[in-house]
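Listed below are the structures to be examined.
Note that chain A is present in both complexes that follow, paired respectively with chain B and with chain C.
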Partner chain A sequence: MLGLWIILILACLVGAAAWAGKHRTVKAIDVAGLNFLTPIVRLCYGEEPEKQLKDIGRFIVVPVIAILLFLGAWHVVSEKIQTKSGKLPNPRDTLHAAKAINDFHYRENDKQAAFNLNGEERAQELERVEQRLEELKPLEAEVNKNVAAAKEAAKERLATKVAPLQEELDTLTAKFKDAKKQRDDELASLASQAAVGDEDAKNAFVGKVRAYRQLASDERDRLRDLRTEINDMRAEKDPEEQRALAEQTAIAEERQYLGKMQDQLTDSNRYEKVDEENAKLQEARETLYAADSATILKAATKVAQTEDRIDRIEESGYAKPATLPYQVKRSVLCVFVGFLIGSAIAIPLGVLCGLSKTFMAAMTPFIAIFKPVSPIVWLPIALIVASAFIPDPDKHWFTQWLWELPLLGEYKINPAFIASAVTVALCSLWATMVNTAFGVAAVDKDHINVARVLRLGFWSRLFKIVLPSALPLAFAGLRISLGVGWMVLIAAELLSSSEGIGKYIWDQFNNGASDSFANMVFVVFVVGIIGLVLDRMMIVFQRLVSFDGAPTAI
Partner chain B sequence: MAYLELDNVDFGFGPVSHRYEVFERASLAVEQNEFVAVIGFSGSGKSTLVSLLAGLLKPDRGQVHINGKVVAAPGPDKGVVFQNYSLLPWLSVYGNIELAVKQVFPSMKRGERRDYIQHYIDMVSLRGSEWKLPGELSGGMRQRLSLARTLSMKPEVLLLDEPLSALDALTRSQLQDEIIRIWEEDRRTVLMITNDVDEAVIMADRIVPLTMGPAAHLGREFPVTLPRPRDRATLNFNPEFKELRNEVTRYMMNLNEEAKSLTRSVTLPLPDLQPVLPGPRVRVG
Partner chain C sequence: MPAACSRPVRSLRLPVCCLIALCALVSNSPAIAQDKNLLDLEKFELKFGFIKLTDCAPIVIAKEKGFFEEEGLQVEVIAQPNWKTLLDNVISGELDGAHMLSGQPIAATIGFGTKAHVITAYTMDLNGNGITVSNTIWERMQENDPDLLASQPQHPISADSLKPVVEELLDEGEKLQMGMVFPVSTHNYELRYWLAASGIHPGMYTKSDIGGRTDADVELSVTPPPMMPATLEAGNIQGYCVGEPWNQQAVAKGIGVPVTTNYDVWKNNPEKVFGVTKQWADENPQTHLAVIKALIMAGQWLDETDDNGKLVNREEAARILSRSDYVGADFDVIRNSMTGFFYFQQTDKREMPDFNVFFKHDCTYPWYSDGVWFLTQMRRWGQITEPKPDAWYHETAKKVYQPEIYLEAARMLVDEGLLDEDKVPWDTDGYKQPTDEFIDGITYDGKKPLEYLKAHQIGNKD
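Entry: the complex of A and B
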């Protein structure tokens, strides 16, 4: 899989180099900020092969080695970190989690499709599902057998491992019991002597008692340690048993999925349900036509009810749970909405700040006070305000209108989404504002002189001289803003329960299933990679508007 | 009355407490269609002179006249070629000229404008580089573009602020010839600032030195009567050329020495301080 990707990328590079020419390919790579690919293109043209190989070594092989070292270190460390929710997931667990998340997504999509299937297609799909169910039966039996065997074997292994310890425990328990009894007897006899003795003898007796108490305590500790050791051994999961169980779970999950599919294709299918209701409607109509004055009201009500129900079923969709890919898309949408709101506020204000020192002086206190405010503070405020405007998203015209939109409707924009977006906007707009103001204020004096000689009016001066020369800095600000926005968004979603990556993390944290931890670790990489892509995208924009060829990549 | 006139102008920078007077009673008169070179040492206020003439700066006292009218604000009738090109780096060669042409001749039709811009691009020999950005041009090409942009505004007065000082010697002489060629094709009033005596002698009708600042003014004028076209190759053997060049140079050197002798050298008595040397370590208390 990975090899395929590498070959694909290389093929694209070679193709691009052959089609567009070396110079243009290198330039495109440079604009995209993927400079590590340059030596490959140059090598294809046989340009200083030694130097190119050295560059490939430095910019491709070294990072790959670093990644491998990281994975190795992660694997080793994860073995050592035991938490309440299980061991820290190692790279393999994380990959498994990724696969499970992916499977879940596709299976839910299948179910949704099945719900909407009808006619020939439905019959075919049903046949496929039932066939697979048949295939699964022997597999399931085998897996169950494997699990039983593995459990048995594990139990035996455990028994042999625990036996010597248990034996030691038993002997020690008996021994300590005897010792204690002996000591008690001794103390009893000493007590009678001490009772008649002088004060020194009585004090000596106290010393004796203390020493024996200490002995008893030590023995208790020893026994407790042994018991803990045995319990730990019992609690330890047998790897082979785990493997067998995992296989069993996979099969069980697939069977459950197929069962659900079957249901969606038969009883729960939309058309099936509609047909059923139609039959009822037919019946109700017949009763209606045959009704007399005493029963006609009841019959008419029945017809009306059935018709309503049919309408509802036809409108209804499959109640699909949110899957991670959907949540990722919604998060990206949310960050862009917030980013756009923020930029729409920050760029005009930044331009005004840059143009007028007076306006800048008026804005400075607000920038200084609001800039350091944490997203955690903005979010509840934004949530209250958004909820005040849209108290019931199911009835409000704005959300209803948004839900009807062709592409956006799927994402069910609600007050939590709006609050998260506004939080992103409030936290991310400062970088853009400050950078735009700085860019506008720092327009080259010579360019202003040109504008004066040409007698450009205020607007031409703004749009032809000031803004173009401020663009590179403004885009540098936008890039920082988007990065900040993405970081803020995850926290905002986590708190506002807006369906997205943040909520996914929170759900996993609260869920505490055996794979939750691995899912969360996987999401770390998802968030990182999306952040990287967003940043690269902004770099490309920044490169496109920067006329001085300023270095922007890293 | 001369066409372009600087009339008893005072100009200075800074607040009253530490004011720097650039010009004191500076006067200059340029006739219509005359090519005047103003020559001066660096720091004598050459660029300030151009800014004053262009209306980018306002004199503290006195006035600047063009064709009898007082210069109040900068405008396209006073075309300036700046020392550091002042091209807009995000616009192409064509775009830089287009910006000026659109602003100065708003009623020009699209096709006509294209031909007009192309004419000026051809005039400064930049054909083929129309869509390059200034960053992709050499220094000489940038200065040509700057010149073309200024000429495209059809200014009545052309003010060249050390247009060639950032260029190498070869490009420089090439561009000198080009400026002269363009000027001869389309005569107008030109005032060029320079720091190169040869350049001034080859190009100008008249040379006006600027005395050393602070409080500079324009010194003795040297008319250049060499016939045009002036051929660079034979000029070096022309006795008139040699004499004029020597004369101007000598005058400039005298100005320099004069300026040096005028600067006050003040001896300030320093207090007699002795350094404290580290002595042996002493225990305190």
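Entry: the complex of A and C
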């Protein structure tokens, strides 16, 4: 599916490039900040093949090799790093994690869809689910057997590994016990001698006691080291067993999913429930028509109740848990909301700062003090304020209105979301503000003089001269702001437990399961790639508004 | 194959319902004719919060096994990062209800911490916590008491062997640091109980010291449950008291040793409750009833046993809980305690069939005496700063614990034929029998809170 899309998009791009011609294509690529593609285009047009091939080597082949090297190094290193929470996941584990996350997402979608299926489709789906359940049965028995066998084998391996150490521990424990007893006896006999001796003898006795105490302590340390070694061996996870368990988990999870699907397609299905209620309604109606004055109120209430219930069931949905794709979308939405709030504050203030030295002087202390404040400080404050404004999100008109909106509604914007967005705004607005001010202040003197000669009014001067010249710098600021905002957001979500990538990371950290580590590593790439896309997007805007092509840093 | 034929009969519910309907037709008895969906729900899309602990099981099971749906509810179950956020979210209305520490509704109602009238009509479970110490502390305890070196030391392990360690540290000018999950958590009180039973002072709360460290020999601090193993590993604390699976996790990772469970500190002690705000309960009485009905069904499902007394549904429950959007720990780790086993060390696996109790022993009934016990602990450790008369304890417990709602829900389930009449304590006055099954053998009688306070050596006695 994804492959098809990529091919389709590529085909469109190639078509567009062929139609637009070389120069326009190269220009478009430059604006998009995808300069590594330029040599390919030029090569296609047969321009200096040698130079282009060299460029391709440098800008495409080298990065690809670097990535491969990185993957190799990662693979090697991950085998060596053993933490108490498990091995550092290697690229393959990470890919597996990605697949599991994806499966979870699609399975939840299936359950949601199953809730709304009816008629022939429902019967087909049910048949598929039941068939798969049948198929799973022998598989499940097999993996259970494998796990039992793997556990047994792991236990045996462990026992053979631990046995010599355990034996050493036992013999040493016995030996040290004897030695201690001997020393105690010796000390006891020496004590009677020292008691009658002079001070020197007594001091010598102290020396003896000290030496023996040291010995005892050394022996204890030796035993402790041994025990620690044995415990570490026991705590080590057996890879074979882990693999068997992972297989078992995969099957068991699929079974869980199918079981729930079956339920969603039968008893819990919306149409099934509606049918059931309709039958009851029919019955209630019959009672109503047969009712006398004593029972009619009750019968009428029942009819009304049942009708209400049918309405509710018809509009109800399956309560789906948040999956990573949903959380990613919500995070991106949140960063843009924060970014917009921040820009709405920063740009006007920045323009004012740039226009008036006095205003700049007035703002400087605030910029200087608030700029370095960390998101961790802003967030709790923002949370308290946001919750104060929206005490009961279920009833508050603002959240109600937001939840009714067509596209935004499904993201359930709540105080935690607003607090995260405000935190993003507060942390990200500074770069935009300072850059805008700088851009406005640095407008070419000649342009201003021309405006003066033409006797332009304040507003025309602002919109015709000042803002257009300040735009490239302002956009450079916006680009930095969005980058900062994205970084801040993950931390803010993590703390406010606003549904999003940050919360996902935190939940995984809290889970501490054997696959959590791999999930977190996968999310590192998700966050990085989204950050990259956001940055590229801002570069495009920045290039579109600048005359001379702003520099593209990575 | 037509759809109707391919529909399997998954459980006994359907035939039972048919049977009841049939009986109703034959006998025309109004009591049995009461059918399942008669509740007039004010709200049917609900959000419940939980903390990643195995004792959130009733809520998760009620969702996954469809008990909520049978009551016409669509429930979203959302993990919360810590107990404070969870409570704040319930109070703010962000959540409709949540898996709460027993102390939370009480503390919120009397105004220790965030003030709000929170009530409970359902106790989620008994037992389920453990006290874990780091490997180093365990070794030092073993040095003090060589009996602990055995591969299966004698239980219960008291804090006696910990006392010399604490004293040595105090001599060095340091205090042992231990973690618990919330100031009014069962864990805080249990850890304090365990320490104080061996003469170790865990510190008092005062008006100015809301951290509870005045006169402390051991300093206790708050860490969210899922963070416990990581915090222990990082060395910020040397021990903790927390619910499952975070003790088993310490064993699985080899970073610590559970020394005792709260089953030994107080046998069959109440643990979590299902809490909602009073305002929510008043506005949504029928919905509340429906929720309690579903939770009772879930509790019953969790504690279902076969003829040999083996818990039959726990493996499945452990599998569900191990999903990453629920508790998320490894299935193997969760399964231990859920199926009635507990690893105290890698080599020390014991059977603990009552480690988690979700239904038997009238567990789900909201007992006033449980509320009174938590109030006595709040007073004992100074969270309640003023002495109070006996009557105040009973009044406060009755403000929070709402057995009427529980009984009403249970009555409906009995009428629907889903619950046995004899599984509910219909005629109780809400106080459990006095018990002395504590680690220090002191008798607790819920009717006499002040007498109970006087019986302890450490802490406020009035």
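Keep this in mind: the second predicted complex is superposed on the first by the 411 of 554 C-alpha atoms of A that agree within 3 Å, B and C clash if a C-alpha of one lies under 4 Å from a C-alpha of the other, contacts with A are read in each partner's own complex, and residues count from 1 in each chain.
The working rule: a residue touches a chain if its C-beta (ideal position, glycine included) is under 8 Å from a C-beta of that chain, and two chains touch if they have at least 3 such contacts.
All figures in this text were calculated on a predicted structure; none of them were measured in a lab.
Participant: Could you classify chain B and chain C on chain A, in the superposed arrangement, as clash or fit?
Facilitator: Pair status: fit.
Participant: Would you sort A:Asp30 into first (chain B), second (chain C), both or neither based on which partner it touches?
Facilitator: neither
Participant: Could you say whether A:Pro468 touches chain B, chain C, both of them, or neither, answering first, second, both or neither?
Facilitator: first
Participant: For A:Asp103, using the defined touch cut-off, is the partner it touches chain B, chain C, both, or neither? Pick first, second, both or neither.
Facilitator: neither
Participant: Look at A:Glu219 in the shared chain and tell me whether it touches chain B only, chain C only, both, or neither; answer first, second, both or neither.
Facilitator: Touch partners of A:Glu219: none, neither chain B nor chain C.
Participant: Could you figure out whether chain B or chain C reaches more residues of chain A?
Facilitator: So, of the two partners, C touches more residues of chain A.
Participant: What is the contact status of A:Glu247 with respect to chain B (first) and chain C (second): first, second, both, or neither?
Facilitator: neither
Participant: Could you tell me if A:Asp394 is touching chain B, chain C, both of them or neither one (first, second, both, neither)?
Facilitator: second
Participant: In the overlay, answer first, second, both or neither for which of chain B and chain C A:Glu307 touches.
Facilitator: Once the two structures are laid over each other on A, A:Glu307 reaches no partner at all.
Participant: Determine the nearest approach in Å between the Cα atoms of chain B and those of chain C after overlaying the two structures.
Facilitator: It is 48 Å, taken between the nearest C-alpha atoms.
Participant: Can you list the residues on chain B that touch chain A in the complex?
Facilitator: Interface residues on chain B, with respect to chain A: 54, 56, 73-76, 78-80, 82, 84, 86, 88-91, 99-100, 103-104, 133, 135, 153.
Participant: State the interface residues of chain A toward chain C in the complex, per the touch definition above.
Facilitator: Within the complex, chain A contacts chain C at residues 84-85, 104, 119, 122-123, 126-127, 130, 220, 224, 227-228, 231-232, 234-235, 245, 248-249, 252-253, 256, 260, 262-263, 266-268, 277, 280, 305, 308-309, 312-313, 316-322, 387, 391-395, 414-416, 495, 497, 503, 506-516, 519.
Participant: Residue numbers of chain C touching chain A in their complex, please.
Facilitator: So the residues of chain C touching chain A come out as 1-3, 6-8, 10, 35, 37-38, 40-41, 44-45, 52, 63-64, 66, 69, 72, 74-81, 85, 88, 92-94, 96, 135, 139, 143, 224, 226-227, 229-230, 233, 249, 252-255, 319-320, 322-325, 327-333, 346-347.
Participant: For a test of understanding, state which residues of chain A touch chain B in their complex under the given definition.
Facilitator: Against chain B, the touching part of chain A is residues 444, 446-447, 449-450, 452-456, 460, 464-465, 468-469, 471, 545, 547-549.
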